[in-house]
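Listed after this line are the structures, all set down as C-alpha coordinates.
One chain, subunit A, appears in both complexes that follow, with subunit B as partner in the first and subunit C in the second.
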Partner chain A sequence: MAVREDLGVSEMKSGGDDELSMFNKENLQSNMKVIYYSRTFLSIIGGVIAGIWGFTGLTGFIFYVLIMGITSLGLAAKAKFSAQTYFDNWNRILLDGFFGGLMSFVLFWTFAYDIVHIF
Partner chain B sequence: MSGEDLVLDTAIRDWVLIPLSVVMVLIGVLRYFVSKLMRSYQAPDQKVVRDGQVILRAGHLRAGANFIPPKTFYSRRTYFTNEENGILHVPKGQAQNAQAQMFSDPNMAVDMMKKNLSMIIPQTLTFAWVNFFFSGFVAAKIPFPLTQRFRSMLQNGIDLSTVDVSYVSSRSWYFLNLFGLRGLFSLILGEENATDDAQRMMQMSGFGFDPAKNLSAEKDSIDILQHDWALPKFEKRAEAVLRRIVS
Partner chain C sequence: MGAGFVVGVLGCLILSHAAYSTVQYRGMLKIVEEEFNGPPISVVIELLLGLALSVWAGLSAPGKFLSILPDSDENRMVSLPANLDFLTFNHRARAFPCDPELKLKR
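Then we have the complex of A and B:
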(Lines of atoms letter the chains of each structure in order from A and count residues from 1; the text may use other names and numbers.)
(Lines give C-alpha, C1' and ligand atoms only; values in the text may rest on other atoms or scores of the structure.)
Protein backbone atom coordinates (compact mmCIF):
# COMPACT_ATOMS: atom_id res chain seq x y z
CA MET A 1 0.00 0.00 0.00
CA ALA A 2 1.95 2.93 -1.25
CA VAL A 3 -0.82 5.41 -0.61
CA ARG A 4 0.38 8.73 0.71
CA GLU A 5 3.69 7.43 1.75
CA ASP A 6 5.07 10.91 1.29
CA LEU A 7 3.28 12.07 4.41
CA GLY A 8 5.38 9.69 6.33
CA VAL A 9 4.50 8.20 9.62
CA SER A 10 6.14 9.93 12.48
CA GLU A 11 7.33 7.58 15.07
CA MET A 12 6.21 8.34 18.53
CA LYS A 13 8.56 8.35 21.39
CA SER A 14 7.88 5.11 23.06
CA GLY A 15 10.19 4.60 25.94
CA GLY A 16 8.81 3.25 29.11
CA ASP A 17 6.92 0.23 30.19
CA ASP A 18 3.67 -0.82 28.70
CA GLU A 19 1.62 0.38 31.61
CA LEU A 20 3.25 3.76 31.44
CA SER A 21 2.17 5.39 28.24
CA MET A 22 4.06 8.30 26.85
CA PHE A 23 2.69 9.98 23.82
CA ASN A 24 3.79 12.86 21.76
CA LYS A 25 0.48 14.52 21.06
CA GLU A 26 1.49 16.16 17.78
CA ASN A 27 2.84 12.93 16.35
CA LEU A 28 -0.24 11.03 17.41
CA GLN A 29 -2.41 13.60 15.70
CA SER A 30 -0.30 13.47 12.57
CA ASN A 31 -0.58 9.70 12.49
CA MET A 32 -4.32 9.88 12.84
CA LYS A 33 -4.41 12.38 9.99
CA VAL A 34 -2.53 9.92 7.82
CA ILE A 35 -5.11 7.28 8.66
CA TYR A 36 -7.93 9.64 7.84
CA TYR A 37 -6.41 10.50 4.48
CA SER A 38 -5.77 6.89 3.58
CA ARG A 39 -9.30 5.89 4.44
CA THR A 40 -10.87 8.75 2.51
CA PHE A 41 -8.67 8.13 -0.48
CA LEU A 42 -9.39 4.43 -0.53
CA SER A 43 -13.11 4.87 -0.03
CA ILE A 44 -13.24 7.16 -3.05
CA ILE A 45 -11.15 4.82 -5.18
CA GLY A 46 -13.14 1.85 -3.91
CA GLY A 47 -16.38 3.59 -4.79
CA VAL A 48 -15.24 4.18 -8.35
CA ILE A 49 -14.09 0.58 -8.69
CA ALA A 50 -17.36 -0.76 -7.29
CA GLY A 51 -19.28 1.42 -9.69
CA ILE A 52 -17.29 0.35 -12.72
CA TRP A 53 -17.60 -3.30 -11.84
CA GLY A 54 -21.33 -2.75 -11.47
CA PHE A 55 -21.89 -3.95 -7.95
CA THR A 56 -25.41 -3.42 -6.69
CA GLY A 57 -27.12 -3.76 -3.39
CA LEU A 58 -25.41 -5.63 -0.63
CA THR A 59 -22.43 -6.63 -2.76
CA GLY A 60 -21.28 -3.04 -2.86
CA PHE A 61 -21.37 -2.62 0.88
CA ILE A 62 -19.55 -5.88 1.36
CA PHE A 63 -16.97 -4.54 -1.05
CA TYR A 64 -16.67 -1.42 1.10
CA VAL A 65 -16.09 -3.48 4.22
CA LEU A 66 -13.51 -5.48 2.30
CA ILE A 67 -11.71 -2.33 1.17
CA MET A 68 -11.67 -0.99 4.70
CA GLY A 69 -10.35 -4.31 5.94
CA ILE A 70 -7.53 -4.16 3.41
CA THR A 71 -6.84 -0.59 4.47
CA SER A 72 -6.61 -1.65 8.09
CA LEU A 73 -4.26 -4.42 7.14
CA GLY A 74 -2.12 -2.04 5.13
CA LEU A 75 -2.00 0.48 7.94
CA ALA A 76 -1.10 -2.24 10.40
CA ALA A 77 1.67 -3.36 8.09
CA LYS A 78 2.85 0.22 7.81
CA ALA A 79 2.96 0.37 11.59
CA LYS A 80 5.01 -2.82 11.51
CA PHE A 81 2.20 -4.63 13.34
CA SER A 82 2.98 -2.87 16.56
CA ALA A 83 0.26 -0.29 16.89
CA GLN A 84 1.39 0.59 20.38
CA THR A 85 4.39 2.35 18.95
CA TYR A 86 2.35 4.76 16.92
CA PHE A 87 -1.12 4.91 18.48
CA ASP A 88 -2.67 4.75 21.87
CA ASN A 89 -4.73 1.74 20.98
CA TRP A 90 -5.46 -0.72 18.21
CA ASN A 91 -8.89 0.64 17.42
CA ARG A 92 -7.28 3.66 15.84
CA ILE A 93 -5.94 1.50 13.06
CA LEU A 94 -8.86 -0.86 12.78
CA LEU A 95 -11.92 1.32 13.20
CA ASP A 96 -11.17 5.03 12.93
CA GLY A 97 -12.91 6.71 10.03
CA PHE A 98 -14.82 3.63 9.04
CA PHE A 99 -18.14 5.44 8.74
CA GLY A 100 -16.64 8.71 7.69
CA GLY A 101 -15.70 7.32 4.32
CA LEU A 102 -19.05 5.67 3.70
CA MET A 103 -20.67 8.82 2.33
CA SER A 104 -17.85 9.40 -0.14
CA PHE A 105 -17.94 5.76 -1.08
CA VAL A 106 -21.67 5.81 -1.81
CA LEU A 107 -21.41 9.00 -3.82
CA PHE A 108 -18.60 7.80 -6.05
CA TRP A 109 -20.10 4.36 -6.32
CA THR A 110 -23.35 5.90 -7.56
CA PHE A 111 -21.52 8.25 -9.89
CA ALA A 112 -19.39 5.60 -11.57
CA TYR A 113 -22.23 3.10 -11.67
CA ASP A 114 -24.55 5.56 -13.36
CA ILE A 115 -22.02 6.66 -15.92
CA VAL A 116 -21.05 3.14 -16.87
CA HIS A 117 -24.19 1.06 -16.47
CA ILE A 118 -27.39 3.08 -16.35
CA PHE A 119 -27.31 5.14 -19.48
CA MET B 1 -32.24 -4.88 -11.70
CA SER B 2 -30.68 -2.09 -13.70
CA GLY B 3 -33.16 0.03 -15.57
CA GLU B 4 -35.79 -2.51 -16.48
CA ASP B 5 -38.45 0.14 -16.22
CA LEU B 6 -36.68 3.37 -17.05
CA VAL B 7 -34.35 4.14 -19.90
CA LEU B 8 -32.39 7.30 -19.35
CA ASP B 9 -31.10 9.33 -22.25
CA THR B 10 -27.32 9.51 -22.53
CA ALA B 11 -27.73 13.24 -23.06
CA ILE B 12 -28.84 13.45 -19.44
CA ARG B 13 -25.55 11.95 -18.40
CA ASP B 14 -23.52 14.26 -20.59
CA TRP B 15 -25.40 17.46 -19.86
CA VAL B 16 -26.77 17.00 -16.37
CA LEU B 17 -25.01 14.42 -14.25
CA ILE B 18 -21.41 15.14 -15.19
CA PRO B 19 -21.66 18.96 -15.39
CA LEU B 20 -23.48 19.08 -12.07
CA SER B 21 -20.84 17.05 -10.30
CA VAL B 22 -17.96 18.96 -11.87
CA VAL B 23 -19.55 22.27 -10.95
CA MET B 24 -20.01 21.13 -7.38
CA VAL B 25 -16.34 20.27 -7.08
CA LEU B 26 -15.21 23.51 -8.68
CA ILE B 27 -17.50 25.59 -6.51
CA GLY B 28 -16.10 23.88 -3.44
CA VAL B 29 -12.58 24.79 -4.53
CA LEU B 30 -13.62 28.34 -5.35
CA ARG B 31 -15.31 28.72 -2.00
CA TYR B 32 -12.17 27.58 -0.24
CA PHE B 33 -10.02 30.17 -1.95
CA VAL B 34 -12.53 32.98 -1.60
CA SER B 35 -12.87 32.36 2.11
CA LYS B 36 -9.09 32.26 2.34
CA LEU B 37 -8.88 35.66 0.69
CA MET B 38 -11.55 37.13 2.89
CA ARG B 39 -10.01 35.90 6.08
CA SER B 40 -8.78 38.94 7.94
CA TYR B 41 -5.99 38.94 10.42
CA GLN B 42 -6.91 40.52 13.68
CA ALA B 43 -4.52 41.24 16.46
CA PRO B 44 -5.36 38.78 19.20
CA ASP B 45 -6.61 40.11 22.45
CA GLN B 46 -4.02 40.01 25.20
CA LYS B 47 -6.29 38.34 27.74
CA VAL B 48 -7.34 35.63 25.32
CA VAL B 49 -3.74 34.84 24.44
CA ARG B 50 -2.72 34.76 28.07
CA ASP B 51 -5.54 32.40 29.00
CA GLY B 52 -4.68 30.16 26.09
CA GLN B 53 -1.05 29.99 27.12
CA VAL B 54 -1.99 29.24 30.72
CA ILE B 55 -4.17 26.39 29.55
CA LEU B 56 -1.35 25.12 27.38
CA ARG B 57 1.06 25.18 30.29
CA ALA B 58 -1.42 23.40 32.51
CA GLY B 59 -1.84 20.79 29.81
CA HIS B 60 1.91 20.28 29.68
CA LEU B 61 2.01 19.86 33.43
CA ARG B 62 -0.74 17.30 33.16
CA ALA B 63 1.02 15.39 30.39
CA GLY B 64 4.39 15.36 32.09
CA ALA B 65 3.22 15.08 35.66
CA ASN B 66 4.79 11.71 36.23
CA PHE B 67 8.26 12.80 35.23
CA ILE B 68 8.81 15.29 37.99
CA PRO B 69 9.26 14.60 41.68
CA PRO B 70 6.21 14.82 43.95
CA LYS B 71 7.34 17.99 45.63
CA THR B 72 7.73 19.97 42.45
CA PHE B 73 4.49 18.60 41.13
CA TYR B 74 2.54 19.69 44.17
CA SER B 75 4.08 23.14 44.20
CA ARG B 76 3.18 23.52 40.52
CA ARG B 77 -0.32 22.33 41.17
CA THR B 78 -0.70 24.86 43.93
CA TYR B 79 0.56 27.53 41.59
CA PHE B 80 -2.14 26.63 39.09
CA THR B 81 -5.14 25.79 41.21
CA ASN B 82 -4.69 27.75 44.38
CA GLU B 83 -8.05 29.07 45.60
CA GLU B 84 -6.70 32.53 46.36
CA ASN B 85 -4.33 33.46 43.57
CA GLY B 86 -3.85 30.36 41.45
CA ILE B 87 -3.70 31.40 37.84
CA LEU B 88 -6.33 28.90 36.75
CA HIS B 89 -8.72 30.07 39.40
CA VAL B 90 -11.43 32.32 38.02
CA PRO B 91 -13.06 34.72 40.44
CA LYS B 92 -16.82 34.55 40.45
CA GLY B 93 -18.63 37.09 38.32
CA GLN B 94 -15.83 37.42 35.82
CA ALA B 95 -17.15 34.69 33.59
CA GLN B 96 -20.22 36.66 32.67
CA ASN B 97 -18.04 39.62 31.91
CA ALA B 98 -15.99 37.80 29.34
CA GLN B 99 -18.99 36.71 27.38
CA ALA B 100 -20.51 40.17 27.40
CA GLN B 101 -17.23 41.51 26.10
CA MET B 102 -17.27 38.97 23.30
CA PHE B 103 -20.73 40.08 22.27
CA SER B 104 -19.79 43.72 22.22
CA ASP B 105 -16.69 43.19 20.11
CA PRO B 106 -17.73 44.28 16.61
CA ASN B 107 -14.70 42.78 14.88
CA MET B 108 -15.68 39.33 16.01
CA ALA B 109 -19.21 39.65 14.73
CA VAL B 110 -18.08 40.97 11.35
CA ASP B 111 -15.58 38.18 10.96
CA MET B 112 -18.18 35.59 11.82
CA MET B 113 -20.63 37.10 9.39
CA LYS B 114 -18.05 37.01 6.62
CA LYS B 115 -17.41 33.36 7.29
CA ASN B 116 -21.08 32.51 7.30
CA LEU B 117 -21.73 34.49 4.16
CA SER B 118 -18.90 32.79 2.34
CA MET B 119 -20.60 29.54 3.11
CA ILE B 120 -24.23 30.46 2.53
CA ILE B 121 -24.00 32.60 -0.60
CA PRO B 122 -22.36 30.00 -2.87
CA GLN B 123 -24.75 27.35 -1.64
CA THR B 124 -27.79 29.48 -2.32
CA LEU B 125 -26.50 30.45 -5.73
CA THR B 126 -25.69 26.88 -6.69
CA PHE B 127 -29.03 25.68 -5.50
CA ALA B 128 -30.82 28.36 -7.50
CA TRP B 129 -28.72 27.52 -10.52
CA VAL B 130 -29.47 23.83 -10.21
CA ASN B 131 -33.14 24.55 -9.80
CA PHE B 132 -33.18 26.81 -12.81
CA PHE B 133 -31.17 24.65 -15.19
CA PHE B 134 -31.75 21.10 -14.15
CA SER B 135 -35.15 20.91 -12.51
CA GLY B 136 -37.14 17.79 -13.14
CA PHE B 137 -34.51 15.43 -14.49
CA VAL B 138 -34.15 11.91 -13.33
CA ALA B 139 -30.40 12.17 -13.21
CA ALA B 140 -29.07 9.08 -11.49
CA LYS B 141 -29.87 5.77 -9.91
CA ILE B 142 -28.31 4.60 -6.71
CA PRO B 143 -27.17 1.00 -6.96
CA PHE B 144 -28.94 -0.30 -3.88
CA PRO B 145 -32.61 -0.56 -2.98
CA LEU B 146 -34.20 1.77 -0.48
CA THR B 147 -37.54 2.00 1.24
CA GLN B 148 -40.33 4.39 0.37
CA ARG B 149 -39.36 6.73 3.13
CA PHE B 150 -36.41 7.97 1.12
CA ARG B 151 -38.59 9.14 -1.74
CA SER B 152 -38.87 12.71 -0.53
CA MET B 153 -35.13 12.80 0.03
CA LEU B 154 -34.02 11.31 -3.25
CA GLN B 155 -36.74 12.44 -5.62
CA ASN B 156 -37.00 16.02 -4.60
CA GLY B 157 -38.47 17.96 -7.51
CA ILE B 158 -40.18 15.20 -9.46
CA ASP B 159 -43.63 14.18 -8.39
CA LEU B 160 -43.93 10.67 -9.69
CA SER B 161 -45.01 8.10 -7.18
CA THR B 162 -44.61 5.19 -9.60
CA VAL B 163 -40.90 5.57 -10.21
CA ASP B 164 -38.67 3.24 -8.23
CA VAL B 165 -37.22 4.96 -5.16
CA SER B 166 -33.63 4.34 -6.13
CA TYR B 167 -33.84 6.85 -8.97
CA VAL B 168 -32.44 10.19 -7.99
CA SER B 169 -33.64 13.54 -9.22
CA SER B 170 -31.16 16.20 -10.23
CA ARG B 171 -31.91 18.38 -7.25
CA SER B 172 -31.34 15.52 -4.87
CA TRP B 173 -28.14 14.65 -6.67
CA TYR B 174 -27.03 18.15 -5.79
CA PHE B 175 -27.66 17.44 -2.13
CA LEU B 176 -25.89 14.11 -2.28
CA ASN B 177 -22.88 15.87 -3.76
CA LEU B 178 -23.02 18.56 -1.13
CA PHE B 179 -22.58 16.02 1.65
CA GLY B 180 -20.50 13.38 -0.05
CA LEU B 181 -17.80 15.56 -1.51
CA ARG B 182 -16.46 16.62 1.87
CA GLY B 183 -14.00 13.74 1.86
CA LEU B 184 -12.74 14.66 -1.59
CA PHE B 185 -12.28 18.28 -0.54
CA SER B 186 -10.25 17.28 2.46
CA LEU B 187 -8.00 15.36 0.10
CA ILE B 188 -7.51 18.02 -2.54
CA LEU B 189 -7.54 21.10 -0.34
CA GLY B 190 -5.81 19.79 2.75
CA GLU B 191 -7.31 19.29 6.14
CA GLU B 192 -7.71 23.00 6.71
CA ASN B 193 -10.94 22.90 4.78
CA ALA B 194 -12.41 19.98 6.65
CA THR B 195 -11.61 21.35 10.06
CA ASP B 196 -12.82 24.77 9.04
CA ASP B 197 -16.31 23.50 8.50
CA ALA B 198 -16.48 21.79 11.84
CA GLN B 199 -15.08 24.80 13.62
CA ARG B 200 -17.56 27.05 11.90
CA MET B 201 -20.38 24.84 13.07
CA MET B 202 -19.09 24.98 16.59
CA GLN B 203 -18.81 28.74 16.50
CA MET B 204 -22.29 29.12 15.12
CA SER B 205 -23.89 26.94 17.73
CA GLY B 206 -22.03 28.25 20.74
CA PHE B 207 -21.17 31.74 19.53
CA GLY B 208 -17.62 31.78 20.63
CA PHE B 209 -16.09 29.79 23.40
CA ASP B 210 -15.95 30.84 26.98
CA PRO B 211 -12.36 31.15 28.22
CA ALA B 212 -13.38 31.10 31.86
CA LYS B 213 -15.07 27.75 31.37
CA ASN B 214 -11.95 26.32 29.78
CA LEU B 215 -9.85 27.57 32.65
CA SER B 216 -12.03 26.00 35.30
CA ALA B 217 -12.25 22.73 33.36
CA GLU B 218 -8.47 22.59 33.19
CA LYS B 219 -8.31 23.41 36.89
CA ASP B 220 -10.61 20.52 37.71
CA SER B 221 -8.64 18.05 35.66
CA ILE B 222 -5.41 19.13 37.35
CA ASP B 223 -7.05 18.90 40.75
CA ILE B 224 -8.05 15.28 40.31
CA LEU B 225 -4.69 14.25 38.87
CA GLN B 226 -3.05 11.33 40.62
CA HIS B 227 0.65 11.88 40.87
CA ASP B 228 2.80 8.84 40.38
CA TRP B 229 6.47 9.51 39.97
CA ALA B 230 7.83 7.43 37.16
CA LEU B 231 11.56 7.79 37.63
CA PRO B 232 12.12 5.17 40.35
CA LYS B 233 10.66 2.58 38.01
CA PHE B 234 12.99 3.75 35.30
CA GLU B 235 16.02 2.49 37.13
CA LYS B 236 14.59 -1.02 37.10
CA ARG B 237 13.77 -0.63 33.45
CA ALA B 238 17.24 0.60 32.64
CA GLU B 239 18.68 -2.33 34.57
CA ALA B 240 16.54 -4.75 32.61
CA VAL B 241 17.54 -3.20 29.31
CA LEU B 242 21.22 -3.22 30.20
CA ARG B 243 21.06 -6.82 31.34
CA ARG B 244 19.45 -7.78 28.07
CA ILE B 245 22.22 -6.04 26.17
CA VAL B 246 24.99 -7.55 28.24
CA SER B 247 23.74 -11.11 28.25
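Then we have the complex of A and C:
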Protein backbone atom coordinates (compact mmCIF):
# COMPACT_ATOMS: atom_id res chain seq x y z
CA MET A 1 0.00 0.00 0.00
CA ALA A 2 2.82 2.31 0.90
CA VAL A 3 4.50 1.54 -2.41
CA ARG A 4 1.34 2.51 -4.24
CA GLU A 5 1.18 5.80 -2.47
CA ASP A 6 4.78 6.50 -3.36
CA LEU A 7 4.07 5.78 -7.01
CA GLY A 8 1.17 8.16 -6.96
CA VAL A 9 3.29 10.88 -5.46
CA SER A 10 6.06 10.46 -8.00
CA GLU A 11 3.56 10.57 -10.84
CA MET A 12 2.08 13.73 -9.45
CA LYS A 13 5.53 15.23 -9.27
CA SER A 14 6.57 14.28 -12.80
CA GLY A 15 3.25 15.51 -14.17
CA GLY A 16 3.42 18.77 -12.28
CA ASP A 17 3.35 22.09 -14.03
CA ASP A 18 6.99 23.06 -13.59
CA GLU A 19 8.64 19.67 -14.02
CA LEU A 20 7.43 18.87 -17.50
CA SER A 21 9.38 20.46 -20.33
CA MET A 22 8.33 20.05 -23.92
CA PHE A 23 10.30 20.73 -27.04
CA ASN A 24 10.23 19.93 -30.70
CA LYS A 25 12.41 16.86 -31.14
CA GLU A 26 12.83 17.09 -34.92
CA ASN A 27 14.07 20.65 -34.71
CA LEU A 28 16.46 19.74 -31.90
CA GLN A 29 17.93 16.94 -34.00
CA SER A 30 18.25 19.26 -36.97
CA ASN A 31 20.11 21.78 -34.78
CA MET A 32 22.40 19.04 -33.50
CA LYS A 33 23.18 18.08 -37.08
CA VAL A 34 24.08 21.68 -37.91
CA ILE A 35 26.45 21.80 -34.93
CA TYR A 36 28.01 18.50 -35.88
CA TYR A 37 28.67 19.68 -39.45
CA SER A 38 30.18 22.96 -38.28
CA ARG A 39 32.51 21.30 -35.81
CA THR A 40 33.69 18.59 -38.19
CA PHE A 41 34.37 21.05 -41.00
CA LEU A 42 36.23 23.46 -38.74
CA SER A 43 38.34 20.71 -37.16
CA ILE A 44 39.40 19.62 -40.64
CA ILE A 45 40.21 23.20 -41.64
CA GLY A 46 42.03 23.76 -38.35
CA GLY A 47 44.06 20.59 -38.93
CA VAL A 48 45.09 21.74 -42.40
CA ILE A 49 46.09 25.17 -41.07
CA ALA A 50 48.08 23.66 -38.19
CA GLY A 51 49.86 21.39 -40.66
CA ILE A 52 50.75 24.19 -43.07
CA TRP A 53 51.84 26.45 -40.23
CA GLY A 54 54.17 23.70 -39.05
CA PHE A 55 52.89 23.20 -35.52
CA THR A 56 54.31 20.20 -33.70
CA GLY A 57 53.53 18.67 -30.35
CA LEU A 58 51.51 20.50 -27.75
CA THR A 59 51.19 23.69 -29.82
CA GLY A 60 48.90 21.93 -32.25
CA PHE A 61 46.54 20.76 -29.52
CA ILE A 62 46.44 24.25 -28.03
CA PHE A 63 45.57 25.48 -31.52
CA TYR A 64 42.77 22.90 -31.67
CA VAL A 65 41.33 24.11 -28.36
CA LEU A 66 41.52 27.66 -29.71
CA ILE A 67 39.69 26.68 -32.91
CA MET A 68 36.98 24.91 -30.91
CA GLY A 69 36.63 27.97 -28.70
CA ILE A 70 36.12 30.15 -31.75
CA THR A 71 33.60 27.63 -33.09
CA SER A 72 31.68 27.56 -29.82
CA LEU A 73 31.59 31.34 -29.76
CA GLY A 74 30.37 31.44 -33.35
CA LEU A 75 27.69 28.84 -32.70
CA ALA A 76 26.54 30.71 -29.61
CA ALA A 77 26.34 33.88 -31.69
CA LYS A 78 24.40 31.94 -34.33
CA ALA A 79 21.95 30.86 -31.64
CA LYS A 80 21.69 34.53 -30.65
CA PHE A 81 23.16 33.68 -27.22
CA SER A 82 19.86 32.13 -26.09
CA ALA A 83 20.57 28.42 -26.00
CA GLN A 84 17.19 27.64 -24.45
CA THR A 85 15.41 28.56 -27.66
CA TYR A 86 17.32 26.10 -29.83
CA PHE A 87 18.76 23.48 -27.45
CA ASP A 88 17.85 21.81 -24.20
CA ASN A 89 21.28 22.42 -22.72
CA TRP A 90 24.20 24.85 -23.04
CA ASN A 91 26.65 21.94 -23.31
CA ARG A 92 25.23 21.11 -26.71
CA ILE A 93 26.72 24.32 -28.07
CA LEU A 94 29.88 24.41 -26.01
CA LEU A 95 31.07 20.80 -25.82
CA ASP A 96 29.32 18.45 -28.23
CA GLY A 97 31.59 16.95 -30.87
CA PHE A 98 34.82 18.08 -29.20
CA PHE A 99 36.54 14.69 -29.12
CA GLY A 100 35.05 13.50 -32.39
CA GLY A 101 36.54 16.56 -34.05
CA LEU A 102 39.91 15.93 -32.39
CA MET A 103 40.33 12.74 -34.45
CA SER A 104 39.73 14.52 -37.75
CA PHE A 105 41.99 17.34 -36.58
CA VAL A 106 44.94 15.04 -35.89
CA LEU A 107 44.39 13.19 -39.16
CA PHE A 108 44.44 16.32 -41.30
CA TRP A 109 47.15 17.95 -39.23
CA THR A 110 49.58 15.10 -39.89
CA PHE A 111 48.38 14.88 -43.50
CA ALA A 112 49.04 18.54 -44.28
CA TYR A 113 52.28 18.56 -42.32
CA ASP A 114 53.57 15.58 -44.27
CA ILE A 115 52.64 17.06 -47.63
CA VAL A 116 54.04 20.52 -46.96
CA HIS A 117 57.06 19.92 -44.74
CA ILE A 118 58.27 16.40 -45.30
CA PHE A 119 57.74 15.49 -48.94
CA MET B 1 23.57 27.45 -48.58
CA GLY B 2 24.85 29.21 -51.73
CA ALA B 3 26.90 32.08 -50.33
CA GLY B 4 28.39 30.05 -47.47
CA PHE B 5 29.41 27.29 -49.86
CA VAL B 6 31.18 29.72 -52.22
CA VAL B 7 33.01 31.31 -49.28
CA GLY B 8 34.12 27.87 -48.11
CA VAL B 9 35.50 26.99 -51.55
CA LEU B 10 37.33 30.34 -51.61
CA GLY B 11 38.82 29.63 -48.18
CA CYS B 12 40.01 26.19 -49.31
CA LEU B 13 41.63 27.73 -52.40
CA ILE B 14 43.45 30.29 -50.25
CA LEU B 15 44.62 27.50 -47.95
CA SER B 16 45.93 25.44 -50.84
CA HIS B 17 47.80 28.48 -52.17
CA ALA B 18 49.30 29.00 -48.71
CA ALA B 19 50.39 25.35 -48.68
CA TYR B 20 51.99 25.77 -52.11
CA SER B 21 53.82 28.92 -50.98
CA THR B 22 55.13 27.10 -47.92
CA VAL B 23 56.40 24.24 -50.09
CA GLN B 24 58.26 26.75 -52.27
CA TYR B 25 59.62 28.51 -49.21
CA ARG B 26 60.97 25.21 -47.87
CA GLY B 27 62.61 24.56 -51.22
CA MET B 28 64.24 27.99 -51.10
CA LEU B 29 65.44 27.33 -47.54
CA LYS B 30 66.97 24.07 -48.70
CA ILE B 31 68.98 25.93 -51.35
CA VAL B 32 70.31 28.62 -49.01
CA GLU B 33 70.75 25.98 -46.29
CA GLU B 34 68.86 27.57 -43.41
CA GLU B 35 66.59 26.18 -40.74
CA PHE B 36 62.80 26.46 -40.87
CA ASN B 37 61.40 28.62 -38.06
CA GLY B 38 57.80 29.18 -39.01
CA PRO B 39 56.31 30.18 -42.35
CA PRO B 40 56.81 33.67 -43.89
CA ILE B 41 54.43 36.46 -42.94
CA SER B 42 52.51 36.37 -46.23
CA VAL B 43 51.66 32.71 -45.64
CA VAL B 44 50.54 33.47 -42.09
CA ILE B 45 48.24 36.20 -43.39
CA GLU B 46 46.85 33.83 -46.01
CA LEU B 47 46.27 31.16 -43.37
CA LEU B 48 44.41 33.55 -41.10
CA LEU B 49 42.33 34.80 -44.02
CA GLY B 50 41.52 31.25 -45.03
CA LEU B 51 40.62 30.44 -41.42
CA ALA B 52 38.29 33.42 -41.19
CA LEU B 53 36.54 32.54 -44.45
CA SER B 54 36.23 28.90 -43.42
CA VAL B 55 34.80 29.80 -40.02
CA TRP B 56 32.22 31.93 -41.77
CA ALA B 57 31.42 29.13 -44.21
CA GLY B 58 31.36 26.46 -41.51
CA LEU B 59 28.91 28.45 -39.44
CA SER B 60 26.59 29.56 -42.23
CA ALA B 61 26.60 26.70 -44.76
CA PRO B 62 25.04 23.84 -42.70
CA GLY B 63 21.74 25.66 -42.25
CA LYS B 64 19.82 27.66 -39.73
CA PHE B 65 18.87 26.72 -36.20
CA LEU B 66 15.21 25.94 -35.70
CA SER B 67 13.39 26.83 -32.55
CA ILE B 68 12.49 23.90 -30.32
CA LEU B 69 9.96 25.70 -28.16
CA PRO B 70 6.47 24.29 -28.76
CA ASP B 71 4.73 27.65 -28.71
CA SER B 72 7.07 29.69 -30.85
CA ASP B 73 5.82 31.31 -34.03
CA GLU B 74 7.91 29.11 -36.33
CA ASN B 75 6.45 25.89 -34.94
CA ARG B 76 2.80 26.65 -35.51
CA MET B 77 1.46 24.14 -38.00
CA VAL B 78 -1.98 25.56 -38.58
CA SER B 79 -3.50 28.97 -38.44
CA LEU B 80 -6.86 28.78 -36.77
CA PRO B 81 -9.93 30.02 -38.60
CA ALA B 82 -10.94 33.58 -37.95
CA ASN B 83 -14.16 32.73 -36.13
CA LEU B 84 -13.07 31.05 -32.93
CA ASP B 85 -16.31 31.36 -31.05
CA PHE B 86 -17.84 28.09 -32.26
CA LEU B 87 -14.79 25.89 -32.03
CA THR B 88 -14.54 23.47 -29.15
CA PHE B 89 -11.49 21.39 -28.40
CA ASN B 90 -11.34 18.28 -26.30
CA HIS B 91 -8.28 16.21 -26.94
CA ARG B 92 -5.18 14.87 -25.22
CA ALA B 93 -3.27 18.14 -25.45
CA ARG B 94 -5.11 19.38 -22.40
CA ALA B 95 -2.85 17.10 -20.36
CA PHE B 96 0.00 19.43 -21.21
CA PRO B 97 0.55 22.37 -18.94
CA CYS B 98 1.06 24.99 -21.61
CA ASP B 99 -0.99 28.12 -21.71
CA PRO B 100 -3.77 27.74 -24.32
CA GLU B 101 -3.89 31.48 -24.97
CA LEU B 102 -0.51 31.24 -26.68
CA LYS B 103 -1.97 29.22 -29.53
CA LEU B 104 -4.74 31.66 -30.28
CA LYS B 105 -2.54 34.32 -31.81
CA ARG B 106 -3.76 35.18 -35.26
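Worth pointing out:
Everything below uses one rule, namely that the second predicted complex is superposed on the first by the 99 of 119 C-alpha atoms of A that agree within 3 Å, B and C clash if a C-alpha of one lies under 4 Å from a C-alpha of the other, contacts with A are read in each partner's own complex, and residues count from 1 in each chain.
Assume a contact is a pair of C-beta atoms (placed from the backbone, for glycine too) under 8 Å apart; a residue touches a chain by one contact, two chains touch by 3 or more.
All of these numbers come straight from a predicted model, not from anything done at the bench.
Of the two partner chains placed by superposition, only subunit B is touched by A:L58; subunit C is not.
In the superposition on chain A, contact of A:F41 is made with both subunit B and subunit C. Of the two partner chains placed by the overlay, only subunit C lies in contact with A:N27; subunit B stays clear of it.
Residue contacts after overlaying the shared chain place A:D114 against subunit B, while subunit C stays out of touching range. Applying the stated contact rule after C-alpha superposition, one finds that A:F87 touches subunit C and leaves subunit B untouched. In the superposed model, A:G101 makes contact with subunit B only, not with subunit C. Residues 17, 20, 25, 33, 37, 41, 54, 115, 117 of subunit A touch subunit B in one complex and subunit C in the other.
Only residues 15, 17, 20, 22-25, 27-28, 30-31, 33-34, 37-38, 41-42, 45-46, 48-49, 52-54, 70-71, 74-75, 78-79, 85-88, 112, 115-117 of subunit A touch subunit C when the two sit together in their complex. Per the touch definition, subunit B reaches subunit A in the complex via residues 1-3, 8-10, 12-13, 17-18, 21, 63, 66, 140-145, 168, 176-177, 179-184, 186-187, 191, 230, 233-234, 237.
Per the touch definition, subunit C reaches subunit A in the complex via residues 8, 11, 15, 18-19, 22-23, 26, 36, 38-39, 43-44, 47, 50-51, 54-55, 57-59, 61-70, 72, 75, 95-98. For subunit A in complex with subunit B, the residues that touch the partner chain are 16-17, 20, 25, 33, 36-37, 40-41, 43-44, 51, 54-58, 60-61, 100-101, 103-104, 106-111, 113-115, 117-119.
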